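Going in written order, the chains are labelled A, B and C, and every chain counts its residues from 1.
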Amino acid sequence: MKTLSLIAAGVLATSTSVVAETPVLTIYTYDSFVSDWGPGPAVEAAFEETCGCDLQFVGAGDGASLLARVRLEGDRTDADVVLGLDTNQTVMAAETGLFAPAGTDLSGLNLPIAWQDETFVPFDWGYFAFVHNTDMDNAPTSFEQLIALPDDVKIVIQDPRSSTPGLGLLLWVQAAYGERAPQIWEGLAPHILTVTKGWSEAYGLFLEGEADMVLSYTTSPAYHLIAEEDASKTAAEFTEGHYMQIEVAGKVASTDVPDLADQFLAFMVSDAFQSIIPTTNWMYPVSVPESGLPAGFETLITPETALLIDPQMAQGARNMALEIWLSALSQ
Amino acid sequence: MAQRAQPISKVLGHAVSLGVLGLIVATGVAVALRAEDGARIGAGDWAAIRFTVLQAGLSALLSVALAIPAARALARRQFPLKSLVITLLGAPFLLPVLVAAMGLIAVFGRTGLLSAVLSAFGLPPLQIYGFHGVVLAHVFFNLPLATRIILQGWLYIPAERFRLAQSLGFGPSDIARHVERPMLITVVPGALMVIFLICTTSFAVALVLGGGPKATTIELAIYQAFRFDFDLAKAALLGAIQVGICIVAVVLTRSFPVSDGMGAGLDRRLDIRPPRGWVFTTQDAGILTIVILFLLTPLAMIVLSGLQGIATLPPQVWWAALRSVGVALGSVVVTFALVLPLSFALSARSRLAELATSVPIALSPLVLGLGLFIMLNPYVDPRAVALPVTALVNALMSLPFVARILTPPVRALRSDYGRLSASLGITGLTWARLVAWPRLRAPLGFSAGLAAALSMGDLGVVVLFADGDSATLPLMLYRLLAAYRVDQAAGAALLLLALCLLLFWAFDRGGRANAAL
Amino acid sequence: MLHFDKAEFDNGGFRLSADWQVPAGTKLALIGPSGAGKSTLLAGLAGFVPCIQGAVRCDGVDLAGLAPGTRPLTMLFQDHNLFPHLTVAQNVGLGLAPNLHLDAAQHAAVNKVLGRVGLEALGDRKPSALSGGQASRVALARALLRARPLLLLDEPFAALGPGLKAEMLDLVSELLQGTETTLIMVTHDPRDAQKLADQTVFVDQAVAQLPQETGAFFANPSDALARYIGA
């Protein structure tokens, strides 16, 4: 009995001393970020080298469930930073009052658009695009061309209610066509093979050969080129322009380590973090590192027009676009 | 035990029933209370309810319609490897949905096996995506269950009845009318109901094969209410509607699937003479061939496509596999802690226990997980309890099946040996060691295998509770997919399939080895 | 004439042989220890167990190749002689037409035979509403209606208790009076044999021995029989 309590006391002592010595920074992010193949492990190692802290990533489902998770926990959340929201969610996220302005120096950003949000800090971005095999002989260069193709040319898309790219496509059509969006969706409907829950299922179906094109990012072919030395995938460049996704992180207002959170957000836009992004998250860094982009990225298409609905309008646009989408695809 | 302890077991069974039902209600209430606005059920939600009921009903009808001739052929024909075939035919029911969907697409997809055959004849490829795709997948999952329940019905027909039929000169149609149809009337409603209920909570199948927002199930609507709109009131209400449909279905059929349809020993030789004539032989051989091909080809495709990737799986995936096995074993322990008292109460025909073991079939895993999260979050770190919570939820989900496997043998144990044990003064642990264990070990092994396999493949609530370090194998599979690693994902799918079947086989085998029957 | 011509039956590895004949109309009892082969003999005769050597002939017709339902016999089992979902009248009607498409004359025949077993009022009942004795009477009524040359009783009245069993055997005897029906009954009770059977076969150690006149059989028991009946 005596030994037992001694051991218990020892364990207690060590654990408290660990807590006292190394502050813990808890970051909620989407699951694929923390996975062994995502940026998480490298980011954790790089930040812990300099911060004298313990960085703990918590994978909370995918991008869409991340915000729901934080709202569910409210003020009690353990999170100090939430990483992985995008511009479609920032206004809704800010309205919850759970986030505090960051004050990070963003002068080094080179995004295609000017960054104005004061609460959230961007960490990577990409263009949505339809990815196809290079041997596809009738690859469309616009939504209208895609619609005009024979019905057996199939695309796989994601459900906007459960997937970030899915929502991105909704806003893409909305931004490019405005009032004509319902016609575009009615035209697309016969080409849609199926609507999946998330990006992974859709991309998997495409790789299996089930569909000719899949909604993904212009950067997707870079994975195949760099990781698999496979140059057979490319993205179709659309003349309407491509919708952007900008992924952001924000400091949680109730954090008990605000300085550490600020330190992380500053680290996030530095070279150390930004150079990890291209070949782990397969997105563009918000600030191109000194070493430049990895070899292979130069082969990617670079859309002339970047489309993005003002985050302030995104919430309203989202609900309207969803109604249009649902009624076009439910017939 | 038999006499003196019966009241005790019933009290315990009622306590567990109340615990299970209480937990279910509490999680629903927790979600509802956390809601910010009142719930509004819109046109889209009604469409989801309609779609759910329609696809579940059709899936149940088709599964049972196919299962009847298949079970009849299995009952009256003897052929080499029959017992192996019966075991393998159970596999789809144990499969993780995502893995099964991959297998189905490899067979029925636009570039699948069947389409390749069709295109060789100049025909257009199959179109699996849509309502019929969802139904096809559900039939794939549930045909094995239906076949087993109905085959059990055939085996329960007294041998003398077949002899009587033969000695009266019955032809196949007379046997169908006087022997088989009365049995089917008692067995089919239960089979229909259990499959209907399983299909009402369908989620991932509709997401991959549904083809679009038309194929929105209630569970999917719950998911969207939570994630897209953060409308917890709606999530709770839809969850309640789902359970409500379950209760209505139970009341309507007035029967519970009491058959131990998943029970062992289905390869027992029956005293049934197969009808003579090539028509019947062709009919039986035809239906068995179709069913075997339908159920086993997708499995074969999973194996084929995974073989390459499984060798290249990184160590993290193997660790995740180990963790999943751990969760599955934990789930078995929790399942038994719940189900043993429940099946004693069920064998005494407790209505409360019946409710507690049937509502979980139609329970929304998301609402359950969400409710647990809301209840636990203020007190403990969700990450710390991720694996125990997963084990608990998986145990709840397998409860309806396991309870139905165990109840008939428990009932027989009490009615056949209860008085004998009591009169010999065999009680307590001695009773458990000498009477209960030898009589129950085969169904216990079988149900442990089922609980372990179902838990192994389930992603369920783990997402809400998971943190980066305690990923289970199904989550790891998703991560591989999300990281473009399709070949390795196929390898992980094969690993998952193999582990599910291995766990099931090991428990089932362990229960039957040297079993005194 | 029922003739076992060096017949051997294989009941899942257990083999029973018989080599004797009896004239039509004989009332025959089968007696012997448990597991000696009494039920195998009946099952072989009825076509549930194959005859692997020799032949069984009834009035010169080889039974091999005849399905159980087309053999010239009716068998009453120990249990499950009635279909629980059919009424008494329907259960009896099966003896005329398995599809139950009965014409008026056949309906009348069913009613008549029910009358002969004393159940004319119970035609609409389900078996679950019958007593054990009543259920046996229904099975007997059907056998009567089928009027096959052979009637096999595999202890159908064993569960009825001594008084009721005796009553049923009396009924069987009465019903068969004046017919040429050959009766073969399995029994454990020498009194049953003495009451009903003019010949008795002792089945022991996988052999159905030659039939003997019942009175003489029990009057001068062999050693094996003496051991069996404990005399």
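The criterion applied here is as follows: a contact is a pair of C-beta atoms (placed from the backbone, for glycine too) under 8 Å apart; a residue touches a chain by one contact, two chains touch by 3 or more.
Not measured: the values here are computed from a predicted model.
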Exercise for review: Have a look at which chains touch which and call the overall pattern line, ring, star, complete or other.
Suggested key: line
Practice item. Average the C-alpha coordinates of each chain, average all protein C-alpha coordinates together, and give the chain whose average is closest to the overall one. Key: B
Revision key, fill the gap. Chain-centre distance (mean CA atoms) for chain A and chain B, in whole Å, is 36
Check your understanding: Per the centroid of Cα atoms for each chain, what is the distance between chain B and chain C, given in Å?
Key -> 47
**Study point:** For chain A paired with chain C, centre-to-centre distance based on mean C-alpha positions, whole Å
**Key:** 82
Check your understanding: Which residues of chain C touch chain B in the complex?
Key -> 46-48, 67-71, 73-75, 77-81, 83-86, 94-95, 98-99, 146
Point to revise | Of all residues in chain B, those that touch chain A in their complex | key: 34, 44, 47, 102, 105-106, 109-111, 124, 129, 133, 204, 207-214, 223-224, 226-228, 230, 314, 316, 370, 373-374, 377-378, 381, 383, 463-464, 466-468, 471, 475, 478-486, 489
Check your understanding: Once bound in the complex, which stretches of chain A touch chain B?
Key -> 31-32, 34-38, 40, 57-61, 64-65, 67-69, 71-73, 76, 78, 152, 154, 159-162, 192-201, 203-205, 207-211, 220, 223-224, 227, 282, 325-326, 329-330
Study note, to complete from the structure: Listed in rising order, chain B residues that touch chain C in their complex are 158, 160-161, 163-171, 173-174, 177-179, 182, 271
